[in-house]
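Two complexes, one shared chain (chain A), two partners (chain B, chain C).
Showing the complex of A and B:
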């Protein structure tokens, strides 16, 4: 499961996408996720996915997507089954579309998070006027995701060393076993968050209201270009919906495919 | 006492995400003795001990626990014979009371209800925790939580006890208490492995010491041989015990000693003998 998070963790690389301004990359994220939500047929979503794969290729990060694919596929299958079992009609078609939508949303976010350092992100947020307490909270929560995964592993190792068999028994017993995991994890993380808070204060966090950002963000020509392209994409998506072109297209598709 | 080969590690390799952590480790853990596993951070000590109860399986080589290959046994099966206690007690405690914490392990290990009470009582006393039995583990002090984490594993009477950094963050009083418990368990014929940086603690309780560096065991031998070998210690980024260090400084100054002392009493004995032979030992 921890592999799934790999696609959201920043890797240092030298690519055109990595060197973009975080705000420009945010515009890409906005356009891609809007598109994922706006389209609901397998064809448009596949096309969108292709665009995202090309972006990841530019960011030299396709291998991260591939290594996370196993975890992602299991969630996609779950989405597929849930939709298939609950939908009244057009089941196959919509279920496939919904799994693809999940994948394209996840990939959209991975394009952003794989190429943007938490520091850049918080600077971008601060420059946009978000108070420092909140940007700090955001970057810290990102920073602690891998530690959380590691702690979960340690807790489960420790309990297994005391004879707990996590995978044994029926659903109820398994759920109860997982609560054994949850208690130490929760207590440990709470204790740690208090410690981190104290450490932050000890290092003077909050002493000054307005802090000069450590990195200076500069919007260059390529950032403006990215922003413009993303806005165009958003506009086109909106137009397709407003002019009902897209709904005609999907109803035509629905007639051809069951 | 008959010493039995409890865990045999044969040329084990292990890597995390392509990073080689163990590079051909071989080691034997015997019952009835204390083995200290020492070495710098990142030498692979914790990775190695996770092989002892099957939490990790060797990617190359073999680990035999009482003759059984760990790749063919579940963690729950191996945990019956090898108890592993992790470094941070907060990762391991979850029950509502100290007593419940002990009972959890005993029930997992399939102890009959008739014996559970008696076992629980015994361990709580052994670890000096019986006065806290109804308290929540999270309200105990760090030293007590550490003892409870060890007690929870000792409760089901494993043949080998593996402790990861048992002395980290413990005061002197707790350390000596821990040393007494470890000794008592050794006397009962248990095999004990401690992972530690604490050279002085190792001097006190270890029979054998294995030094690890860079994913390999670079030296194994009796505590005296290993802990007085300055070259080996340096390779594992450890300092010699203070008494041995003092003695080697004295030897450099031309003093002669029958063997390098490691404990205060031994140094006293050597000094007294030396001064005696010079006719100056009258007051010592």
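Showing the complex of A and C:
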């Protein structure tokens, strides 16, 4: 399962997509995910997938998608079976479309997250008007998750060394074992959080209302171009969705495929 | 709990990541695994209070939304929130808020248990509503699948959360009296 998330983890590479402004990349993400939700036939969704694969190819990250394809396919098969069993008519057609929709949504998100660092993301949030406290909390949670996993391992190792078997006994016994694990863990983590708070205070957090972001974001020509193209794509998707053109096309397709 | 802003900012991410860790700790009860997520949802409300507790859970959902594998079973992505079990996750925010508001009044064990039970009920309400929507509006089936198997585990979790929260709150109170210095 963990392989699935490889497509969401940032990797440092030198490609045109990596050097784009995060806000421009967000526009791409918006257009791609809107397209995967607006279209509901296998043909358009395959076409969309092709576009995403080309984008990943530009980002030199196609191998990440391929390595996590096994995990993704198991989810796709699950979605296929669920739809196939519950739908009254046009089962094959819709089931294929739904699994393709999942794949194209996942790929759309991976295009964004494979090429955007967490620091860039929080700077982009800050520049877009999200209050500094919230972006601060966002980056802090990103760092807390792995270190918490490590501390959890440390405390449970310490308990095991003292002869406590965490994975034994009935529900009640196990929950009691968890309190032995959680009270020291919580106290430990609270202490560390308060140290972080002290470090924030020491650096004068909240003393100045307006703080310049550490990383500077600049919109260059290619960012404007990307933004314009994404907006055009969004407009076309909306037009296709609202006008009758697309629904005529899908009903024709549905007649051919059972 | 009146805490300076820096303390609040450091504590909300902590509880967001604790809920993420709780999603990976599962108790095998009957056919469905019971995760410790709601334990931390309740604890975040009890320890941080309503507003900050809800904020910590919103942070948790945001982490999962952008693709970190923090939901139960290592899942992530917006489709988890819109899927059959997404209602429970959205319920975490409301549940932490309700628990927190009720627990802000004091830290007696009885009060904490009642606030935890109320918060759990809120999580269930939102969870069942979305589950029923996915089961073609079959409300009874949603309750049978989505509430009944988890009730014994949740009763124990409410009790455990109350016990832990009392200890942690007492410790934080001592810290507050010393001006939040370690």
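The rule is simple: the second predicted complex is superposed on the first by the 185 of 258 C-alpha atoms of A that agree within 3 Å, B and C clash if a C-alpha of one lies under 4 Å from a C-alpha of the other, contacts with A are read in each partner's own complex, and residues count from 1 in each chain.
Throughout what follows, a residue touches a chain if its C-beta (ideal position, glycine included) is under 8 Å from a C-beta of that chain, and two chains touch if they have at least 3 such contacts.
Being a predicted model, the structure only gives us computed values, none of them experimental.
Asks: Between chain B and chain C, which makes contact with more of the residues in chain A?
Replies: C
Asks: Quick one: is A:10 in contact with chain B, with chain C, with both, or with neither? Answer first, second, both or neither.
Replies: neither
Asks: Answer with first, second, both or neither: which of chain B and chain C does A:163 touch in the superposed model?
Replies: First partner only.
Asks: Looking at the overlay, does A:184 come into contact with chain B only (first), chain C only (second), both, or neither?
Replies: First partner only.
Asks: Is A:154 contacted by the first partner chain B, the second partner chain C, both or neither?
Replies: first
Asks: Which partner does A:201 contact after superposing on A: first (chain B), second (chain C), both, neither?
Replies: In the superposition, A:201 contacts chain C only.
Asks: May I ask you to decide whether A:43 touches chain B, chain C, both, or neither, giving the answer as first, second, both or neither?
Replies: In the superposed model, A:43 contacts neither chain B nor chain C.
Asks: Going by the contact rule set out at the top, does A:84 touch chain B (first), chain C (second), both, or neither?
Replies: It touches nothing on chain B or chain C.
Asks: Based on the superposed arrangement, let me know which partner A:137 touches: chain B (first), chain C (second), both, or neither?
Replies: second
Asks: Which parts of chain A are touched by chain B and by chain C alike?
Replies: 183, 187, 191
Asks: State the interface residues of chain A toward chain B in the complex, per the touch definition above.
Replies: Result: residues 151, 154-155, 157-165, 180, 183-184, 187-188, 191 of chain A touch chain B.
Asks: Which part of chain C faces chain A closely enough to touch in the complex?
Replies: 4-7, 9-14, 16-18, 20-21, 25, 27, 29, 36, 43, 55, 59-60, 62-63, 66-70, 73-74, 76-79, 152-153, 156-157, 160, 163-164, 167-168, 171-172, 175, 180-182
Asks: Which positions of chain B touch chain A when the two form their complex?
Replies: So the residues of chain B touching chain A come out as 50, 53, 55, 74-76, 79-80, 83-86, 88, 90-94, 104-105, 108-109, 138, 152-153, 156.
Asks: In the complex of these two chains, what residues of chain A are touching chain C?
Replies: Within the complex, chain A touches chain C at residues 1-2, 4-5, 8, 33, 102, 105-106, 109-110, 113, 121, 133, 136-138, 140-142, 144-145, 148-149, 152, 171-172, 174-175, 178-179, 182-183, 186-187, 189-191, 193-198, 200-201, 205-206.
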